[in-house]
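In order of appearance the chains are A, B and C, and numbering begins at 1 in each one.
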Amino acid sequence: MANDKHATQLLLAFISLALAALVDGASTTAQFRFYMHDTVTASAGSPATAVRVVRGAAPLPGDPVNRFGDLYVIDDPLTEGPSAASPVVGRAQGFYLFASRSDPALLLCADMVFTSGKHNGSAVAVLARDAILDDVRELPVIGGTGGFRGAAGYGLLRTHAFNASTNNAVLRIDMHLSV
Amino acid sequence: MANDKHATQLLLAFISLALAALVDGASTTAQFRFYMHDTVTASAGSPATAVRVVRGAAPLPGDPVNRFGDLYVIDDPLTEGPSAASPVVGRAQGFYLFASRSDPALLLCADMVFTSGKHNGSAVAVLARDAILDDVRELPVIGGTGGFRGAAGYGLLRTHAFNASTNNAVLRIDMHLSV
Amino acid sequence: MANDKHATQLLLAFISLALAALVDGASTTAQFRFYMHDTVTASAGSPATAVRVVRGAAPLPGDPVNRFGDLYVIDDPLTEGPSAASPVVGRAQGFYLFASRSDPALLLCADMVFTSGKHNGSAVAVLARDAILDDVRELPVIGGTGGFRGAAGYGLLRTHAFNASTNNAVLRIDMHLSV
């Protein structure tokens, strides 16, 4: 009887450890904020970081600049704070495509590579619809490398500043990851 | 002895609940069907929704129209039923690229945004090889937003109708998601 | 008392089986190696498999050939061994984009379709930054089809051979998947 009880308690202990491991396996999270500087129009000391490489055919309604099908390659600095002078933490490299016939909405596909700070050496890739006039846009994380290998989660993208004459923008991204 | 038994039973109850939560956590599913209208050639009242914005260099064998490297931007209506007059449930926005040197096979990358019906406000992104002559093509879901945040799964794509002179197509998609 | 003990043991057995199923569900893995032949410059009997379809605007520093924004469509053979004469196991179809303003770094997006061998009929999609001078580049797997439906994991990409006058490369990929 004492042996039975002992065996049962041992088994329970093992089961509890296994359960803890399973639950724990999905529970490490990272939440952090950074800013993305999308410079379409260069100025002194500030080169263009988003360059149109394909011109679409169909004008967007009420938009004299952008067309359905415009494709921009981007290599945008990521900074700690909203100022362009804020410390750089990485870069967003990839493209955006004007993929709506009626609205200023992009398909955004970029690898966000962190080159300094806590996440130095890690990266996350996002693929998302970016309806640029919406207050908040959700960016699904589709892949991660380095410390973010196997990461899942999403970013929330907000327009922090936008200059309608240059089309330059500063975007705030709040990243929520489970690793 | 009675206390021991009680403690064991309580522990078992907790373990069972934890297990149920773990198993349940992966079990919510959504299955639904819709149709995607890919209009390459416009007609009266029916604008082009897929527009070639990059022309490839190398002709595909036996294909007088398409070339390896052709890139189309798309903003295709998604409807409940196969008819173009069927209620619109969303749009597929993104691109396809002729990415085979020998076959009519695309790399399809699109965000499928649902704008009415049960999944209004949610979206899934797919990235897939689409061998357009195959009966069934599998579309891995690589990201989701709104009610589909964190979704995994796949779609099955079938050609419902194809007009060889206009290259316009109606595609049926059966989506299988776990959220 | 005997009934109580029996019931407890039965419950423990069920819990153990459920746990085993949960743990096992995440444990099937596949590890395999193949080589990717990226032929930019054709030669007799060896057609180009990577073709530039978009020309970027801004030259890369110290690089007379490539520009920020260059887009290549690819349909690269995948082989068992590093030799071009090695048995073909599949093809990598998609694109790469020069997405850095300062370095030879690509955004690589491709579906790797296996057409013979153990993984015949399956495919994995990758989306990654490929800093082509780095020893090892990590390729997150973002989707899978066929036997790799629902797969997660990553590939490790290494340059096996590179010809600086033709820009042709043979790349080694070690794939690590859990299915």
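As a convention for this text, contacts are C-beta pairs under 8 Å (C-beta built on N, C-alpha and C of every residue); 3 or more make two chains touch, one makes a residue touch a chain.
Nothing here was measured: the structure is a model prediction, and the numbers come from that model.
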Through what angle, to the nearest 5 degrees, does subunit A rotate to match subunit B on its C-alpha atoms?
-> 120
Same or different for subunit B and subunit C, when you check if over half of the residue numbers at their contact belong to both copies?
-> different
Go ahead and note the Å separation of the Cα centroids belonging to subunit B and subunit C.
-> 21
Give the residues of subunit A that touch two or more other chains, as numbers and ranges in rising order.
-> 8, 12, 15, 19, 22, 54, 71, 109, 127, 142
Touch list for subunit C against partner subunit A, complex = 5, 8-9, 12, 15-16, 19, 22-23, 54-58, 68-69, 71, 97-102, 105, 107, 109, 126-129, 138, 140-142, 152, 154
Per the touch rule, the subunit A residues reaching subunit C in their complex are 4, 8, 11-12, 15, 18-19, 22, 47-49, 51, 53-54, 71, 73-75, 91, 93-95, 109-111, 113, 123, 125, 127, 142-146, 149-150
